[in-house]
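Naming follows writing order (A, B, C, D, E and F), and every chain is counted from residue 1.
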């Protein structure tokens, strides 16, 4: 079972200029074969299917626990995509039956606008759905770990390339963080293989062969030691992580660390309505009134209880001007 | 983000006679269009993509929180399938290069044996992979809720039919529980639609038109009031659930209840190794020795720290006799 | 546009012993690459996309008109499958929560029972969905006709093989008829190609090389001349068929004929409820009462107005005994 | 069975400036999950699979009859796409081996040019094929109707968004009409559910929450009362529609009406040849000569017998200038 | 470019008792994610896409050359499947319109009989088509080799499990050989990774952890040293293999060897006609007469020139008795 | 089995201006339904599955041999795509973590950059994977040949359209050659059908109806007689080709010819590294040093042994300027 926390892994930038083509590319990190749905669901299924857990407990704990972190990565990619799509249709006065989506014809992933509500989809950069075929769960622990090491390698490749292609601040914040955390998981699986077989895999790092410290958006995380830490994403379980995740980091030589608490994270921005795509409605203010009444009837506070990131003072995203930026920016 | 707890939603029966054909059928509840991966990932994506959360907070909280419970349902279906596959290949002395899988030729889902390690797969009852196409996230709150109500209806249909087809104790324990909990979610989404539009949907219940109290395996849960309760699956968030999930239950007239804590759940059985399919290895005892040494080196206890369900005194599933049961039982 | 007639192409036998494995095989003729959905939708899309219709009118008329007949073939395959599935779960007293579907575990296409209501699905014999990829519509008239000739050839192969594999009376009635009508379409497309290019294709018949008159179930149709006739499936249009469909039949030498009216067809049997799969409901008699009241309220007759085939005096398929037959017959 | 009429549901505009990117977007309404192939084939399969038709006749008649109208909607989307693609490659002098398709590199759906003949394809806006997976036919009448209501809701969303994105006259004529007719079907399925269960669903309208009267292209149809009428698409059958489709319209309060005859429709334009993609041929005039001779030989009139829309006096789409418009218009 | 030799990699057994369920399982080794089409086409695409070949020549030569051997493995799996399907329908007197395929209803992969001619298909053990998605070609040499090592590991797992499940002599001959040759490729890719990075991967062997010498059907190949040899599958190229494939074998310590010539192989059996599925025809003797005449007309020998394996003296496969064995053997 | 030769079918032009949108279109000829993977694998599987080869030897030899030529066509399309993608990211100084791929956002097939290393993929022009569903292998020789004739017709259509859309020199060199060679195969299959049935198919040529001599890039091949020759792609086998491939060419009347040796082909260019996508590495010069050392250690020459096409004197592709051309050329 899980418990859910309404916070995201890191502070993400607020919406700024929309970037629908960038958002279409970032989908590769969500629903692509090497995207975060794949890492999340591979490790999740492997943990479900683990036999003789007690006999192989440190390895089970490692896989089951990394799975939990990956959920937060899926979430973070979704946040980036939603942020990049905000303002792609006009935020004010952009409702149907106007031609509010006309500047988006032929731009980016059409399902972002025609099917979804300018939101993230379980698709890759070609708009193809994530598939259960992407899950590898052979039950053979050495084989599953070999796969996981390969998967993290492919994932790192994808993150580097999205980094190079998409300069939007949300995409850069995302890839900077994921490259560092993905690197930790790559090391973790290599270490696990080493523990089981005696092979020495540390010289395979980094793969692809560019160290994360060359990447400006990775630096703050490296300075905080995020490249060395495996967090325990459970209040009670997966205590044997530390039996596997030990020794020096293959690139820096610093000692690997297990953190007993999951990172605190940060609240996400409350992304504004996009009435042109009916998200969350054609007239969101009516929903707000209903919500307020429901809260009052239920004896809750009149104001919403949820915590969201504080909006920067100037209105950075969208409104009518968002559309103009689109017209200029993408065509 | 999530935190993961190494417990499952309910106590499940230990492995008994293997039922590979039943396990193939139960896959529909895991990777089918109306299976638990679909409920989990639909609500998860809808919560990721929610715009103007503060304005529509009670609805956001409802969807985001039910998503968290659904993870536990995915897990539970996987437990059932793994339990049913235990012993399908001989547990002792059934290692390659013997013809240990010969009795399984043409039986059930071949990927359970040829690709996986007698474990659950993200596939439906035809062996087709779960697809991101199954996720509906339009961003329009009324439309998403309409979808969710329909999805739970289809899911209930699937559970009823699997109940009728598969008599294995694990399948019955699973469907008994899921029918009750799915019913709660069906009500929750109908209530949310009512709150937003004023329509009266309660007369659509039950759909399909068979009340759960007719089903023996549902009874214990109904007696405990599980058909009335929506749990909050977060230590800190989703406080506004209760503004939506109120009023009488459409079938019994009892008052709906919001529980502030998630259910405690239970430990799962540690399913035995299946060396014929190398799960977790050809010689699992070697893994166990490595694990013990790693624990000791790391200053942890010599014995594994994880908590698993206590094995019933005898009839521990499978071994050589498991195979005989197969031969007799499925062909 | 179309008009729909509530009759099927030929008289079909009433339900008898259920044959779920046969029904799974017959799906190939419905949703397979060479099944009737493919012939129907290929010709339909080609007719939609036809350019310069006036210039090429006889060819347009031919394709558009055969499309209309193919709809009736899709319907007929569905009737056969539904007939063969009737009684596979017990018709009386077989409602949930009994294990009414237990004898069907591992038998036939599981979606017939777990997802559908013992009804036809747009799938092939492997349970794979029909795909828009099966439609070929290049716009090039010679190429489209070449494709159509090939498609009918592949379809004939499939029908012959289903004939050989499935002996259920509904399957035999179906394939006997479709082999004859498919042969007419194969000739029609070959003739069209001949008219356009001057090539002589008649020596390609029959392909596969077994004449339909060898097949007992084809005989009645050949005796009635159905192998020679192209019907006009429109009260007003497609008058230029006859400019293409002329000359001798390649196998018998008899003259081809255009019929100005579509065949009269026959009413279908009203297949009985299957309450174990909730089709059309758990308690169908309640639906019937509602329907009667609605009719009366609307000033219609108290009895239903639709025409269905007259049930044979006894042996109305299924009931409790249907299940016994299953148990004996398929396992 | 069906009869086919060589007319389309409404008068559509003649080809004007080509809009290949718009055509790619409109494909969502053809082959998307919520497109017209889905409505057509869902209701068609549900009608094929209906059990106990006599007992539930009004509901069977409703579903079977709406299926027939949907065929005409599929056709209409195809007409729109074909119209929008006309002239995208030069109509005169644009034959291979020139680089006639060079301006279309990277524009719209490449299969419109490389695989098809500038015609409609059974694909969505991402170029993904329509799939049999989109058909839901559970056999349970309440569940199927719940699905159908949801499907029409999703379809309405898609139509609104395509309306906003694509301003081409053919796309606007299409979506204006389909929004009105889709609305009728949405009401019909809600009414059917109400009749069966007693639930009150009328307050769910409109969903998405924008009334069609706000949309200029819907107005003429609303003025003609098309939002209130359910047509009987059969010369002989489906007489019990009227027992379900009664009462006030949920948005306007006007009384719903059953029309005993299908709409007359209108002839389609005969779209000109596109020799650059060999549609219908590299040298269509040769085909025309063959056709004329075949007609004469068959004793038919020398001129084609089919009825097509009268071409407007000038500006008949395309020719060389079509290409220039492309170059200017899409890149 | 390639040259093709009409010989197969090893002598395979002649047809004996048909095993359609076994053949369905063996398909996993042909069209599964880890089957031979995957190894063949992965290495082939990687060799096509190799950049800076001259700079990385030993690695290019290795990948390009192994690709060539894999073609022969695809072929060999096909031979095994065809052999196992021979006689599944009666060889004499089993032509349509008899019910020759009736005993095969519900047995094995229905496409073997309904779509194909009792031949191999590019599908896996679930009947799902091989997909281009299975090809990984990142262009990054370390990453591609990491993938290839993982792919061979997964392939070895699949071969072991098919070995355990299918006892038919053709399946055993196949898997015995492929396990040995796959092991060589697994070593080759590990060595290549070691050369490029300095990591030590030899301790990962064997994976899965069962040495091939435990498998009787592998023994003859190990005795001949096939587990040590990499053949050069080119008369002229790929000379730099030997710069990578050196050092001791990880399991036996024997020295690895590069052979300058490809193995000689053996002729395949000429599998008999299966007239019930029209393979190669309903009346194959007519084809033979035509062939003879064509040869004579072309000045070739009257007898066929091809070399096939000598049939064992007694007719081991099929005829009428094949069918009886089916009935007894698989149901 | 095959032998592989490190040469390609014809001399191809060196990289020049990159054309990522053109490369995305050319993918249709690689992984599309009518692309070269389809021709290659259709004929390959048909040859694997051929029954009674000795009886039908001339036909088996024809199919098996053409399969071998098709491998070289797959390779040639890959060369064209790789050539067109060279320089799309900057060749010098374009490494991560720069935004080297930013000009490619929204351009062409994103998988060329985000997943692959600017290399060919087994995908079509929509980025959809090649599928085993594209293989038709019924075992019925007449039917398979009918299919093959149709397949070559569709393939010719695709080549003509790619020719019209993509003017890049590599695409034109490719399509010019493939149109001629595909024409030979189209004739070969038609002739085979004629030999078996007596039908006269020559009047179906050319289809689509544009003779290759109208296409400038085809001319050199026609002048060399390539449209008349079927090469034997085996040093030892497939001797009976000539019994089928005889008579006059349907378009020119010249006599068809069987060549006893395969064409010599030409070396390919060694395409330069693309470090922005890590192909073959971030720092390819390090790989080169390792390779040199490995060669020396193995007693091979210090310089690479492979033969590649001689680079034209001026550096035609890429470097920094490649990027500028991109920016100017595609957006």
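FYI, a residue touches a chain if its C-beta (ideal position, glycine included) is under 8 Å from a C-beta of that chain, and two chains touch if they have at least 3 such contacts.
From a predicted model like this one, the values you see are computed outputs, not experimental measurements.
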{"item": "Co-neighbours of subunit E and subunit B - touch as defined", "value": "A, C"}
{"item": "Shortest chain-hopping distance from subunit E out to subunit F", "value": "1"}
{"item": "Option in C-D, B-C or E-F whose residue-number contact pairs overlap B-E by over half", "value": "B-C"}
{"item": "Type of subunit C:subunit E copy interface by residue overlap (half), same or different", "value": "different"}
{"item": "Inter-copy rotation, subunit B to subunit C, in degrees (Cα atoms; steps of 5)", "value": "120"}
{"item": "Length of the line joining the C-alpha centres of subunit B and subunit D, rounded to whole Å", "value": "41"}
{"item": "Subunit E, residues touching no fewer than two other chains", "value": "33, 115, 126, 128, 133, 138, 140, 142-143, 157, 208-209, 277-278, 281"}
{"item": "All chain pairs that touch each other", "value": "A-B, A-D, A-E, A-F, B-C, B-D, B-E, C-D, C-E, C-F, D-F, E-F"}
{"item": "Subunit A contact footprint on subunit E (complex, rising order)", "value": "33, 133, 136, 138, 140, 142-143, 146-147, 149-150, 153-154, 157, 193, 197-204, 207-209"}
{"item": "Footprint of subunit A on subunit D - complex, ascending", "value": "21-22, 24-25, 28, 32-34, 107-108, 125-126, 128, 157-158, 160-167, 208-210, 214-216, 330"}
{"item": "Partner subunit C, residues of subunit D touching it in the complex", "value": "1-9, 31, 37, 41, 45, 48-61, 64-65, 67-68, 71-72, 74-75, 78-79, 82, 115-123, 129-133, 135, 137-143, 195-196, 233-240, 242-244, 246, 262-263, 265, 270-274, 277-281, 284-285, 287-288, 290-291, 294-295, 297-298, 300, 304-306, 308"}
{"item": "Touching residues (chain side subunit D, partner subunit F) in the complex", "value": "95-102, 104-106, 109-111, 113-115, 126-128, 276-278, 281-283"}
